[in-house]
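Common to both upcoming complexes is chain A, partnered first by chain B, then by chain C.
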Partner chain A sequence: MSAFKDVGHLFRFAGIFVALFVIFLIVRVYVVPKSFGEYGHYRGNAITDIAANPIKYAGHEACETCHVDVQDVKKNGKHAHVNCEACHGPLARHADDPSSMTPVKPDTATLCVRCHAASAARPKTFPQVNAEEHSTGLPCQTCHQPHNPAIAAGGTK
Partner chain B sequence: MKITRRQMLILLPAAAVAWEHVLAGTPESSPNYKLSDHWWSMLIDVPKCIGCGNCVRACQAENDVPDGYFRTWVERYHVSDENMTNPVVISPNGGKDGFPPVAKEDEGKYFFVPKLCNHCADSPCTQVCPVGATFVTPDGVVLVDPKYCLGCAYCVQACPYGCRYIHPQKEVADKCTLCYHRITKGLTTACCEACPTGARQLVDLKNPNDPIHEFLRTHAVQVLKPQMATGAKVFYNELDGSVR
Partner chain C sequence: MSGVEGYIYPNEVTLYWSVLIVLYPYITGLVAGAFILASLERVFNVSAVKPTYRLALLTALSFLIVAPLPLQFHLGHPERSPEMYFTPHSTSAMAMFGYVYLWYLMAVLTFEIWLDYRHDIVKMAQSSKGLLRLVYKVMTLGSSNISPRALHVDERVSWVVTLVGIPSAFLLHGYVGFIFGSIKANPWWSSPLMPVVFIFSAMVSGIACVMVLYMAVTRLRGKTIDMRCVDTIAMYLFYTFIIDFSLEMLDLIHRIYEADESFRTLDFMVHTKLFFSQIVVQIIFGTIVPLILLAITQVIKLPELARKRMYAVAGALTLVGIFAMRWNVVIGGQLFSKSFLGYTSYKIALVTKEGLLVSIGLTLLPLVILWVLVKLLPPWTDDKAAAGVAAD
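Entry: the complex of A and B
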């Protein structure tokens, strides 16, 4: 029995342990964000933080609200389903405030070959040209209207 | 400066209210968006991809992805007749500047495979995170909380698709968010917006009117590495057997 005669020390240790644990619980309440665990083991507000990031591509619906004339040219052509910003680049700033920036017209000599340069790796049915043979390197819009490129369709400039 | 008991009693609740505000974080940005109404994913129509690299450029512009890192990239496969199971795969600068042209006389078949985060329903990357910094949202998108991420890179190793990287400046894990800031506002992703052939399409599996349901019924569609049981949600139409 003599081994347990100083058991009072253990109660003191246990008391300190419990006190520290209570302090930990109190600190935890204040340090862990409110939204932690809202949907799972993560900060729920991270979802809204990420959703609040600014957009750079306005989306073709935004373009079409003003540029109806381009839409009319495009809609019957081969490029009807190519969105505006696929060629013109990200223009959300222009869509928000048209006067804040004027988009630069893409250079067709370098733009069109991104998709249409001949390569056996591309799907066979996709229209491809060897720019040197096809036009001796002239800008494509010398002959083609990029918004409706087929020449037979009256798309020439 | 002396603070009386009365002043203290006024100051304490004020401080508590301010602290509540700090904890609450940013307010809801898309009030009409309901998380439980969506289950996002993407369809990649492999035969439509022409390897122009528009998606890679759009992703980098939209999400400020640093040079040399990719949230999406395009691979070009070359499968020769003699060795069907060992394709030659190239992805110069992620396909951002296009691919070197191939002359007609070259042997074998070529095709392009755009890659991105598969937004797995049972994602290995979120399971290994020790601090709860990455997670699958209730609408099916795998995201990283940059405020919680320590940059330990466990998730980078865990992803079987190689879709994560440590951001060189922020020093936290970074990855495709499926343009979460766009899709919650009713827009499509930047890569889908910029794709000229419709090879990439944003999909909402919980939307009964989404054409994906008809498409999945009528086409030969696979996901990448189905044997990993990740619940990958990026669907590939007519994917070649040599793609890993």
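Entry: the complex of A and C
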């Protein structure tokens, strides 16, 4: 034992290391979720948790079952493939029970420029305007019918 | 859009890596550099720098404790940071670095300081009173064995720890350079030379930091500065600085000669937005002036006072210059658009989570920690007898 007498203090320091490592392993067992790593570097149960979230978007098929008149206008225009909720927002609650909520109509003065404001990053063939010059702040639907925006297609003006 | 020139992608307008990400490599660099200086005495037997050996270790520890704080402030949610250890992602350099940090903190610095101070700690545990006595008692880990053989064992183990510590210090700071150097989408950063440049600039800043600290603290204590020590440190600072400067110039010349598609954009940036911080602060005042000052002290025999002043000015300028280098890397790399057609600006905030005040606080915090450590574990070799911890 005397051979270890003068290195005993080193074992004490090493002991702290081992103790900390053991504490780390014990804490790890408790804090790492059981399903971690099941599918990848994340909590496996996150998928079922996310799937359990209430659905917010109804999908355009749900809208079209009631709003056939709008669908008829929309299908012939440039916005035929733009989903209803891309502009009107998530409306699953309205689709489930139309009387439970009345969707607010979007303000076209701010909505349309999200896609149609002039930007060098957009393809040249994509319709783009400088809103200030183009409409001086008037809502776009003053001239364009949002569901079929080409003027020739019969805008409100 | 204010602060934006030319064409820039929307996600490039705001700089996401702020001044705190400048501070982070700066602080880790000081740790690595201070440790390398300490290793000169221990591994390479440069006895002249012995008066700074312990101070260098304590400086390294003080800065290492603060090193993760800029990241914590930057990222927010510090309570999530242990997850990096609990669920390590082996392909993430940043995640793996967490282990390098812990290794360096626990197995290298703390262990080496403990070994070196063990004799003093045992003595102070016997001579001090009250709470301080308890603190020292805990630090002895219950062993008061300071027999010559035990101390000899400490000496040998400490040598091994320092030997292991050198590659660890290189790994610690090389990693920081690696993080930037491996971002292939950013031509300002993407360079295999980056880790090497970071390591050498870390050594330069760490050596300069300990030199300035030693001179300032010795003056404050009213003691005489050991000129043989400072002369030797200045010599090593000079040589390391030359290597660092040469590597940076090599990188620059390589970029100019290669002149890839990003060159005109980066060249324009260096001559406009980065002119002050890169050309004026980093290269002229932060590199060339201190190199000239240090070169003069190497070739001309100057009186002691002149040397002291030149070392102090060169050391302080070096610290500013290396900070500017980190600034130019981190901030500079985010000022230009990856379209190479536009630039953005960085305006430092004042009192926000990532603002100037937090940065100043985080820069001063290591000095406060160092002050506490120096009080607790006096690193001075010149007044050991007065403190009652003379070798028996």
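As a convention for this text, the second predicted complex is superposed on the first by the 104 of 157 C-alpha atoms of A that agree within 3 Å, B and C clash if a C-alpha of one lies under 4 Å from a C-alpha of the other, contacts with A are read in each partner's own complex, and residues count from 1 in each chain.
Quick note on the criterion: a residue touches a chain if its C-beta (ideal position, glycine included) is under 8 Å from a C-beta of that chain, and two chains touch if they have at least 3 such contacts.
Note that this is a predicted model, so its numbers are computed, not measured.
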**OP:** Please determine whether it is chain B or chain C that touches the greater number of chain A residues.
**Re:** B
**OP:** Quick one: classify A:Arg28 as touching chain B (first), chain C (second), both or neither.
**Re:** second
Original post:
Of the two partner chains, chain B (first) and chain C (second), which one does A:Asp69 touch, if any: first, second, both, or neither?
Top reply: neither
Subject >> Contacts of A:Phe17 with chain B and chain C, given as first, second, both or neither >> reply: second
**OP:** Based on the superposed arrangement, let me know which partner A:Asp97 touches: chain B (first), chain C (second), both, or neither?
**Re:** neither
**OP:** Based on the superposed arrangement, let me know which partner A:Gly8 touches: chain B (first), chain C (second), both, or neither?
**Re:** second
Original post:
In the superposed arrangement, which partner chain does A:Gly59 touch: chain B (first), chain C (second), both, or neither?
Top reply: first
Original post:
Regarding the shared-chain residue A:Thr48, is it in contact with chain B (first), chain C (second), both, or neither?
Top reply: first
Original post:
Touching A:Glu133, do we find chain B (first), chain C (second), both, or neither?
Top reply: neither
Subject >> First (chain B), second (chain C), both or neither touched by A:Ala120 >> reply: both
**OP:** List the residues of chain A that touch chain B in one complex and chain C in the other.
**Re:** 36, 41, 120-121
Subject >> chain C residues touching chain A - in the complex, by the definition given at the top >> reply: 7, 9-10, 82, 85-87, 89, 106-107, 111, 114, 118, 140-143, 145, 147, 149-150, 153, 157
**OP:** Name, in rising order, each residue of chain B that touches chain A in their complex.
**Re:** 19-20, 23-30, 33, 35, 47-54, 58, 61-63, 76, 78, 98-99, 101-104, 106, 110-112, 132-138, 143, 145, 147-148, 177, 180-182, 184-185, 187-188, 190, 193-198
Subject >> chain C-facing residues of chain A, complex >> reply: 5-10, 12-13, 16-17, 20, 24, 27-28, 31-32, 36-37, 41, 120-121
Original post:
What does chain A use to touch chain B in their complex?
Top reply: 30, 33-36, 39-43, 45-57, 59-60, 79, 81-83, 85-87, 89-90, 114-115, 117-123, 126
